[in-house]
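Right after this note come the structures.
First chain A sits with chain B, and in the next complex the same chain sits with chain C.
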Partner chain A sequence: MESNSKNIETKYMDRRAFLKVSTAAMGAAVASGLGPFQTFQTVNVAQGAGSSDKVTPFRFAYISDSHLYEKKINDRFVRALLRAVADVNSLEPQPDFVFYGGDLAQLGQPKELELGAEILKEVKAPVKMMVGEHDWYLDMGEKWRELFGEPVYSWDHKGVHLVTLNSVVERDFWTARGMTAMERMMTVAGLDNGVQSPFSVGERQRAWLEKDLAGYSDDTPLIVFSHSPLYKLYKKWNFWTDDAEEVQAILKRFKRVVVIHGHTHQLLTNRIGNIHFHGMLSTAWPWPYAPEGMPELTIEMSRPDPFNANDGCGDGEVHVQADGLVDKVYNLWNRTPLTVGRAYTASWGKESVPPKPNRASY
Partner chain B sequence: MVKEIAMRNESTVAQLMNVLLCAACISVIMMVTGCSEEVEYTTCDGRGKVTVAEETEGQDLADAIMAQWKLENPNRNWVEEEKERHELKPPADNSALLEGQQGEGHTYGNYTEKDLLMWERETEKLVVEGSRIFHSAQLLKSQVSVSCDMCHPHAANTHPETYPKFQTQLGRVALLRDMIHWCIDNPVRGEHLLPDDPRMRALEAYIMAQRSGTMMNYGKH
Partner chain C sequence: MNIIRIISIYRFVRVPIVALVAVVLLPLFNTKAVVAEDIPKTDHGAATMEYQNKELDRLLPSVDVSKAPSSFDDVVWKAFIPEDNSMTAERVALGRKLYFDKRLSADGTVSCATCHDVTRGFTDQLAVSEGIKDQLGRRNAPTTLNVTLLQIVFLDGRSPTLEHQAKQPIINPIEMGMPDGQAAVDAIKGDAEYQAAFKKAYGRKVNYDDIGRAIAAFERTLVFVDSPFRRFLDGDEDAISAEAEEGWELYNEKGRCMTCHPMNPSNPLGTDNRFHNVGVSARHQDFEGLAKQALKAMEEDPSERKLDELALSTDMSELGRFMVTKNRSDIGAFRTPLLLNIGITPPYMHDGTVETLWDVMDHYNKGGEANLFLDGGMEPLALTEEEINSIVAFLFSLTDFRFAEENQRQFERQRAQAKKKRPLRDDDMAFRLKLAFEK
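Right after this comes the complex of A and B.
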């Protein structure tokens, strides 16, 4: 708990104090290869080049898409996040860190984000945060950044270079429409709301990514985190990143790239060239599968039972192996956990096929 | 002094498209205030008032009244706005009915473009209202801020075409509306709707409309 408390406490400092501590912590972060709760971009500059292609296998856990309302409004999603926290805290040995996949809040309300931060304080392992659209579009990330720091960062860990992106950048659809901040938030919060714009990583972040990766050799294994899948699956629900091809092009030279994403709330597997994609489960609710464009490698989970509020939900783990690829564990709360192994994606689905559910996803 | 302003009653398709405009202006009451230079008009809904120069007439007068009505009804384009937000499927195209010779004197023999437009608009309006409710925790009166679209974007995974069917979890045969009831009562914790409640009718309409083109297959699990 001690290291975790230290991480989280920084969130409640005022910004100046936080920056000061953060700057001081950079050296330590570089030395340990594992930053505090969030890492600033400057940390990467300090790290620079020279990462080894030798990976010490390690494991991290993930929790994603909790969509918290304030407890007094709806405690179901709160209880679900608590369950996930209990899950990751009960892992023995403890994971190296817990990655949070975005959409901590439902409507970006300060109280929702604060509640989420408070619950995540209980996570024993260090927590790494990623932003989702539900966290962002009320105040354009102000509260989220206050609590968790900058949303785009990278770090090295046991021979792997890890990058967290903000892939939920939307074009300004609200100004011309004269929307209030809450109207903008409500628009983005609707998965099937077509008024919003497609997600993207954006030019600025792509430039940062190129610079961030510049010092790493092609042999360095990469793990990239994005809230939306870094490919184009289904535009109408933003299971989509509009500049996915440009981002993929930046990652192309690396031999081993794993992208872990949130937003889709389901078992989702894909591979494009050298990039292996895995979705994260939500703690709040499962989404239906996109009606078209499903990646061939995806083994769809069978349909969730609406009469069981936890079915189709869960959390999971990522086992990073010596070759830099990952075994992705979907810890489905109401079902047998399922692992999509690296041999499956590496063989384009020919080997180590995960057990298919006995029923279709419907 | 009070006098009625009569609007020309044109029955063109274009005018039907502007039905809101007509509704707002068709029975506008003009009331002359004490001042001889300005006149106060009340819109047909009896709520809005607009003051214009006495000599204002014709299109200028209609525009002034319409502008006032628009000001007071910011959600007047709710049908178009909801269609834009949630990409509703359009009702079936009946334009073939206008082809060929039109019969006389019975319900299914004689159609005009106006008929088709009226059917479409009225049907679509019910569906659009359903979409509004489906996507709004507020309209569902959810006590936990949950709306239908949070699990069913574009009404996905609702499968109205499979009802009636034996709903295993309920232990009996269910209609689509039974499942809507169940969802409203449980995850949504909203207001329980009677089967003939206009909101229930609208929700059914929306869900059915979104599955347009799917083969009916009752009893399917």
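Right after this comes the complex of A and C.
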């Protein structure tokens, strides 16, 4: 599945977004015989390896973890995704792209994924998709790939190299147990169960990643997207990537690496060596913080209002600065939006400390 | 008949002081009820200032204003009073004079009491208020009753204190229309009575900041929290009807009202002092377009006065709290009002577009009006007609005894109107037979 860097934006761009792609890229696409729908891969080909470390600052927006059910079962999550789409569409100027952080569906049902695809079609900017475990384990990604393409890919953008991983790979726990597809899905969708395996990126994908990065100099700023955090926070909820150390080792030689992840549904900030980690908000619900393993840099949100389904949810933006580090905006729907600036993680939390909430965490 | 009702209300009084007040008030209530049509009127439909003053004497017999109102703990009460404006009889008297003084308006037709009329629940009971030259604003005048108990003033919270708030309508072009604070000072500074009153109250000449302070001090005397429901909360189980009691249960459970209108013995006010989009203006506004327009207008002129004007006289009024915070999540959000005396302050919502409390319940029952910025607490409630009647009965039990007649009059009027039309009733939405985005 990770054998090439095909981009899911492809099937996804409406005509207007499509026209925004540079003619150079399109030319390259046609020349390489891949057709006009393989745009960003060909950008990769066109710019190739060893791109310079000069970044033109840019902004992208994110939406994540919508966990859609069919709307007759749960219309609130549907309304929440509609709101996120309106949020990113209202940005002026428009973000360079909108990144979707995974778990579009709740139980991997074709109807859930189709509903999500239909809503995300309204996004004006190009959409980049990442897969989450809720999208995957009913049919092992068949429907998701049909709608959005391959889940693992990379591209260059304004001096930054960006990589989207599938970090929710689980060992086969289902065959030996004789589980049905739905049983497998329900098991993965649960927390606190010892049956499912921890998430990982896996050997094949790590090999692909090494190869993908091979041509890039250590000075190239990297942004890596993963659904689960690429570190070990709390295993019981799979706030965890089992081969995190191996992946971090691959990223280690780069001077500036930002990892943006979904799955945790909360304000979450971490730094391990050269790697700066930022979580994404969910549009569906906020998770409580894990009882152990919390990174010191995280300023925890206070407990969301249980009567207000929007509280602690939202979407956001990522402002990529000239040095490749990012200001991460948490656009909280029922609170004042909050930015975790690049200076905060760069100074190991000494400078530009984001405002602490006036109520206790949870 | 009248006196029987009053006696039955006071039958359960347990606190001797309140009982004493009741005895004093009884003869006053024992006059023939004044029908609304008999009230002498003046400009913009308000009762004459003389009549209002007389009514106020009846409602608020003179008390020691330096002490907490009878139902308040001293410590709690002190928290509502700013340090530079402690309550004195002189300040309250000055504020009262200013509250009723039409000279504070550009054309001499509008005073605070025009839109916060003693005889109309200290509001104007109009959808939106009428200022000088008969200009209509975009917002419903909130009552000045218990206004001191709010943590933040104006429907969009654009004013942090009552002192600050009181100075804004005087200089708003469509309300009282004075070009600036100095013009208001000029209008009254020649008056020897005012000169003496300002000297006595604040030890200074007539000045604009003290106009705000004095009006705020007066408004702090408008504490009217002694309702049947308050007695019920205090343990008098017979203070409200069985229907209202049923409504109180629904208020806390199926109706989800207490989410934003917390009401309990330690906090019986019914507001969370926060801002919520319940979708009222979503019925007729394009929020995205307006928000863009507003950001542009406020970039051109970021002043407090401009904000006041935009909030009251343009469509941007509908953006509510967003105009203050510029935060998208505040689009269409307005401050949760106090629920005390809600029965006598129709029509409802920030723009006065909801005419009766039955309509209010219809609005909430269908989950508000769908829009992207709808508050996360809004859900279809699936309330039956009987349940709605109960909650409305409960809401009418929140009115202070001193307004019992007006409350009864409003109850009957609203009930009659609700029997004729229920423009916001939508059972398909209320019972989730239809989803918000499938309309």
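Methods note: the second predicted complex is superposed on the first by the 314 of 362 C-alpha atoms of A that agree within 3 Å, B and C clash if a C-alpha of one lies under 4 Å from a C-alpha of the other, contacts with A are read in each partner's own complex, and residues count from 1 in each chain.
Here is the rule we go by: contacts are C-beta pairs under 8 Å (C-beta built on N, C-alpha and C of every residue); 3 or more make two chains touch, one makes a residue touch a chain.
Remember, it's a predicted structure, so these values are computed and weren't measured experimentally.
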**Prompt:** Is A:Trp285 touching the first partner chain B, the second partner chain C, both, or neither of them?
**Reply:** first
**Message:** Quick check for you: in the superposed arrangement, does A:Tyr216 touch first (chain B), second (chain C), both or neither?
**Reply:** neither
**Request:** Considering only the touch criterion stated at the top, classify A:Val195 as touching first (chain B), second (chain C), both, or neither.
**Result:** first
**Request:** For A:Trp155, select first, second, both or neither according to whether it touches chain B, chain C, the two together, or no partner.
**Result:** neither
**Request:** For A:Ala309, decide between first (touching chain B), second (touching chain C), both and neither.
**Result:** both
**Request:** Figure out whether A:Asn74 sits in contact with chain B (first) or chain C (second), or with both, or with neither.
**Result:** first
**Prompt:** Which partner does A:Trp144 contact after superposing on A: first (chain B), second (chain C), both, neither?
**Reply:** neither
**Message:** Which partner chains sit in contact with A:Trp333 here, chain B, chain C, both or neither? Use first/second/both/neither.
**Reply:** second
**Fill in**
The shared contact residues of chain A with chain B and chain C are 305, 307, 309
**Request:** Within their complex, state which residues of chain B touch chain A.
**Result:** 84-87, 135, 144-146, 149-154, 156-157, 159, 169, 182-183, 186-187
**Request:** Could you please specify the touching residues of chain A with respect to chain C in the complex?
**Result:** 71-72, 75, 78-79, 82-83, 86-87, 90, 92, 305, 307-311, 313-314, 331-337
**Message:** Please output the residues of chain C touching chain A within their complex, sorted ascending.
**Reply:** 256, 259, 288, 291-292, 325, 327-329, 370, 372-377, 435-437
**Prompt:** Inside the complex, what are the residues of chain A that reach chain B?
**Reply:** 69, 73-74, 76, 106, 187, 190-195, 236-237, 285-288, 291, 303, 305-307, 309, 362
